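Same chain, two partners: chain A is paired with chain B first, then with chain C.
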Partner chain A sequence: MTEALFEGLVLVLQWKALAFMMLGVLLGFWVGLLPGLGGATTLALMLPFIYTMQPVEAFAFLLGMHAVTATTGDITSVLFGVPGEAASAATILDGHAMAKKGEAGRALGAALAASLVGALVGAVALALAVPVVRPLVLTFGSPELFMLAIVGLAFIASLSSHGGRGMLRGFLAGALGLFFATVGQDPQAGVPRFTLDLLYLWQGLDLVPVLVGIFAIPEIIELVARGTSIAGRLPAGRLSRGAFEGVKDTFRHFWLTVRCSLIGTFIGIMPGLGGSVAQWMAYGHAAQSARTAEERKGFGAGDVRGVIGPGAANNSKEGGSLIPTIAFGVPGSTAMAILLGGFVLLGLVPGPDMLSKHLSVTYSMVWTIVIANVVTVLVCFAFLDQLAKLTTVRAGILIPIILVLVFIGSYTSNNHYGDILVTLVFGAIGYLMVLAGWPRAPFVLGLVLGKIAENYLYISVARYEAAWLTRPVVLVLIAVAVVVIIYPLFQARRKSAHA
Partner chain B sequence: MPKAASLTLSVGVMLLAGYGIFAATGWPWKAALFPLAIGIPLFCLAAVEALWTLLGRAETGKNEMEVALTTEAGAQRRILVAVAWMVGFFAAVVLLGFPIAVPLFLFLYLKLQGGEGWPLSIGITLAVTAVFYGLFDALLHLPFPAGWLFSWLGLA
Partner chain C sequence: MLKKALIAMLAALPLAAAAQNFQGKTVTIIVGYKAGGGYDAMARLLARHLPKHLPGKPTVIVQNMPGANSIIAANHIYNVAKPDGLTIGTFNRNLPIAQLTRVEGVKFDITKFQWIGSAANESTILAIRTDLPYKTFEELKKAKEPVAIGSTGPGANTHDFPLLLKELLGLNFKIVSGYSSSADIMLAVERKEVDGRAGSFTSLRPFIDRGLVRPLIRARASEAGIENLPVDESLAPNPRAKAIMALRSAPEEVARPYVLPPATPADIVRVVRDAFAKTIKDPELEAEGKKAKLDLEFLPGDKAQKILVDVMNQPKDVVDEFSKYIKFGE
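Let's look at the complex of A and B:
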């Protein structure tokens, strides 16, 4: 194993593989920054170019590109409140709030350092987990995966607001997200649901236009209403100083970073859940790490832990999602499904062969994730001062550029004008939600989980009828969901009794 | 304002969920299972929120985990202006297509709304348009069709 690990490193460090990886990193860097043009789309666009490459070069190119999109996606989330990737949306809540307080440098430093730690944890998990992960994945059938989705939703709904009223709104927003996920042709009977007789809606609501609308449009409106730069009227020179502070924050909360990385890896391993779920689960866990209700109120207002958690999970899930892809040929996400296509193009068969005959190629993927992330983080740190200064650019200059990014980002999701309309409609809903005090995080998680949860619920009911509710892991997950809901209420009650 | 927003949202959600439940009753159970499983609790939660908003104590509506909206004088007028620019940009994209709408919008916003000088407005417009073409057209070959106006005039 050690020999294969070393051989994998040597393979990646060969000049051709390294050059392709750097090209991939460069592409991934810009793709991550652009809202809408996701890592999966770019993987699909670049797939035809790997025909003539050797397996190690091809995976260095594809994985190098994919591994960094999540890292740079955090940059636009922090600076402009526009998610560069669907999987970077959770970073907005605290990262952009920090940017508004003039702490863009600190937020970026924390996001990048956490991303690096997350990527390393994910890569180590990939290297170690293949032999032991098989029984774990096989334990989780459709009922358990459905309950895992419900636990995730309960987690974020109960933690994104305070008190009974806040929890009501959290669950209301989560249920609304799940409801919007039912738009489109249903996967079982093929019935078009809530499509308004529009062909565009048959495939359902695309995540990117909705996310860009719900997060970016309220921010843009707020920026216009304030009429100042993102960092407001703060004194110049304060912005970039915190970058190193952000790195220190990551190590100050090192165990939180590792825990969130492990959450990301675990979610990555589970087929179908993906990075958008991982970031919110990690955000929920980070919010839960607050010891007092007072401390928890800081989340959403610029608590650095709200940046560290999603940042770490976002990158660690890459290593995690590669595990079932390589070991069983079961892709954990859309991007991994496309990567699986890459395996086929190169004549490789995922499965036992990848863990024996082609073990060095498997380990070269581990090294690609590590090297690509280290390079990206170092490059980002070199330009951090300039990036942080973007928050001081006048609103009059910034707004049209962000709006162009938002419109192009939405449009490129499906190359349809309907995507821009969806962005504007959900922008209005997002603004109303902010105005009314409804949390947006559970809504987004509901939308992300909706289709997955529906599939798993249908299979559970069709296969086991009501008996799926009595499976041991399901019972444990139900108990976890109940505790997640009750604990914050109990904590708040105890605090008011003490006061 | 937060009370009105919450009431608008909860009543809107009640109507949406009500329509969803009604529509789902006409579908086969495979298609109706999830919309009903979500729609019924969604309707109930929205009804509780609406009642709580109507009968409960007045509250600020601020969620500590969300962005704080400005309450400065004149903010509402500026918000309407922002919405008008977005709708205008959307109309320009649909009618003229991205290749024309992007530079047009950028220049007009920078000059008229941003009050920037000629050199800066032209410079930023040219730079962003160059990045737009370089990345999407030259490198990625992503198609941006001509606007509807050109189709109507038979020019596309």
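Let's look at the complex of A and C:
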């Protein structure tokens, strides 16, 4: 295995592969920064260019491009409160809150350092997991995937504020998210649900316009109302100094970073959970680390751990989601589905062979993710000063630019005016939630997990009737879900007993 | 009067000639799905090679117009796009079913598009795990235990094909729907959550070659490797059942539809049709298609149109019973 690991590295380090990887990184850099223009779409557009490349070069190009979109997507999330990618929305909650406090540099430093650690941990976990990947993936059937979605929803407990009232609001927001996830043609009876007789809603709500609306619009309204720059009236000199502080934060909370990276890798390995779940689970886990009610309130108001968690997870998941794609031919996300098309184009047959005979090629992909991330993070650090300064630009100049990014961003998901309307409607919902003090994270968690939970529950019951409840892994996951829900209550009680 | 008509004719002449020359123009292929799927991949492959075969070598680009399983794109091409040959549409092969079953929102008559043709057909088969005791369709038919078939949902061939086998041929199937993709079902087959699935032969072939599943029956459209499988229609117990199965299969012969807006002049249609026929036979495109595992087979527009006219002319009782089983989707 070590031999394959080394061979994989040698494959990537050939100058042509490396050159193509850098080209991919350069493209992915911009794709990640610009909201809406997603990694998956860009991959589809780039596929025709790989016809004439060698397999290793082509993967270096495609994967290099894909691997960095999550990293640079975080930058847009932190700076403007606009998700650069659907997979980097969770970074907004604390990252952008930090930017508003004048800590954009620190937030970016933490996000980038966490991305790097995430990519590295993900790659190492993957390299170690190769021998057990097949049994692991095959153990997780529909009942287990359903329970994973439930565990994800259980994290709402730690995403809500403490106390009965906070919990109630959190779970209600989650329920609202679940409700919106049911919009569209249902996959069991083929009946259109809540589509208001609009063709646009048949396919359900697209994540990007919803996320852009619910997070970016309230920020814009607030910015208009304040009329200052994003970072208020803070002296400009303080901004970039924090970048190194952010890196130190990542290592101060090193085990949290590692744990969130492992969450990301694990969610990535599970096919069928999709690309945007990992960051929210990681955010939920990061929020669990708040020891007091006081600390808990800090989450969403600019706690650096809320940046580190999702930052690490959305990079580590990439390595993970490669596994089902190459070992089973089952893509874990849209982007991976398109990559799979690339594999086929190059004559590589996904299947068990990729974990034995062609292991070095598999490892070359892992190396590509690592190297692409290292390069991107280093380049980003070079520009961090300039980037952080954007938060001191006057609102009058910044708002039109952000608005253009927001609306073009959401419009690119379907090229339909409906995307704009969805952004506006969810912008209004998001704004009301902020005003009323309702948490937005549980809402998004419900939206992201709704379809998954519904489908796998249906399949589990249709296939096993009630017997699925007695499967051992399901029982373990039920216990995990209960612990995740009770933990914050228990924490709150212990604190009040001490006081 | 005569003079005026003559002038009008003369004025129209260069226009018609110009319309057939695409020099300096941009031809747009509108795809009814997002970038990345099978319809999109085919359109992008064609877009790369089409310019060589169109007069004047225009630029050909692909535009994605997703939504409502392609109904939005089809409505646009039918009602909005200019009939000047510069907008070509490709969409869900099952749109005829949407029209037939009166799905709300359909604002087109599928038979009135100017049909360029179909770039490929799709052969649907049903395959089950090799470790099950059923080696032939006859044996499967006698299964005592229900056989679990995974599906992505109504309207997809993973669902409708086994559904008709169950309802019309009386197979002991338990259809489990809601998987997110056919690859997802394949994984469920691998972990023995379900016993098999239906789908295109192309997507199932690697798993057949690997010995995971065995094909037992196919629908009408065929290709090398599955010619000898029994065909669902030939096993139908009565003409009504046969008509229903035939109706489900019909769109699969027009699996990658390409159309022009209804009012497109006949000479432009002819030029585009010829260009498509030549493009699909282009050795460079064939080589790329082979690499991408996209099987191409051109079905000219007039033949495609005929198949669809037949679909639309079914007697009401057949359509009514068909609608009981089949919903439009995917």
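Everything below uses one rule, namely that the second predicted complex is superposed on the first by the 487 of 499 C-alpha atoms of A that agree within 3 Å, B and C clash if a C-alpha of one lies under 4 Å from a C-alpha of the other, contacts with A are read in each partner's own complex, and residues count from 1 in each chain.
Keep this in mind: contacts are C-beta pairs under 8 Å (C-beta built on N, C-alpha and C of every residue); 3 or more make two chains touch, one makes a residue touch a chain.
What you see is a predicted model, and the numbers here were worked out from it, not measured in a lab.
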| item | value |
| --- | --- |
| Partner chain(s) touched by A:188 [first = chain B, second = chain C, both, neither] | both |
| First (chain B), second (chain C), both or neither touched by A:378 | neither |
| Which superposed partner A:489 touches (first chain B, second chain C, both, neither) | neither |
| First, second, both or neither for A:415, with chain B first and chain C second | both |
| Which of chain B and chain C A:458 touches, first, second, both or neither | both |
| Partner chain in contact with A:476 - chain B first, chain C second, else both or neither | neither |
| Contact breadth on chain A, by residue count: chain C or chain B | B |
| Partner chain(s) touched by A:345 [first = chain B, second = chain C, both, neither] | second |
| Partner chain(s) touched by A:43 [first = chain B, second = chain C, both, neither] | second |
| Chain A positions touched by chain B in one structure and by chain C in the second | 45, 186, 188-189, 415, 454, 458 |
| Chain C residues touching chain A - in the complex, by the definition given at the top | 34-36, 40-41, 44, 48, 63-69, 71-72, 75, 104-105, 148, 152-155, 174, 176-181, 183-184, 186-188, 190-191, 193-194, 206, 210, 288, 291-293, 327-329 |
| In the complex with chain C, residue positions of chain A that touch it | 40-41, 43-45, 47-48, 51, 137-139, 141-142, 185-190, 197, 199-200, 202-203, 271-272, 324, 328-331, 334, 337-338, 340-341, 344-347, 349, 351, 414-416, 418, 454-456, 458-459, 462-463 |
| Residues of chain B touching chain A in the complex | 1-2, 5-6, 8-10, 13, 16-17, 20, 23-24, 27-28, 30-31, 33-35, 37-39, 41-42, 45-46, 48-49, 52, 56, 59-67, 69-70, 72, 75, 78-79, 81-83, 85-87, 89-90, 93-94, 98, 102, 105-106, 109-110, 113-116, 120, 124, 128, 132, 135-136, 140, 142-144 |
| Chain A - residues contacting chain B, complex | 30, 34, 37, 45, 81, 93, 96-97, 160-162, 165-166, 168-169, 171-172, 175-176, 178-179, 182, 186, 188-189, 191, 193-194, 217-222, 224-227, 297-301, 394-397, 399-401, 403-404, 407-408, 411-412, 415, 417, 420-421, 424, 427, 429, 432-441, 450, 453-454, 457-458, 461 |
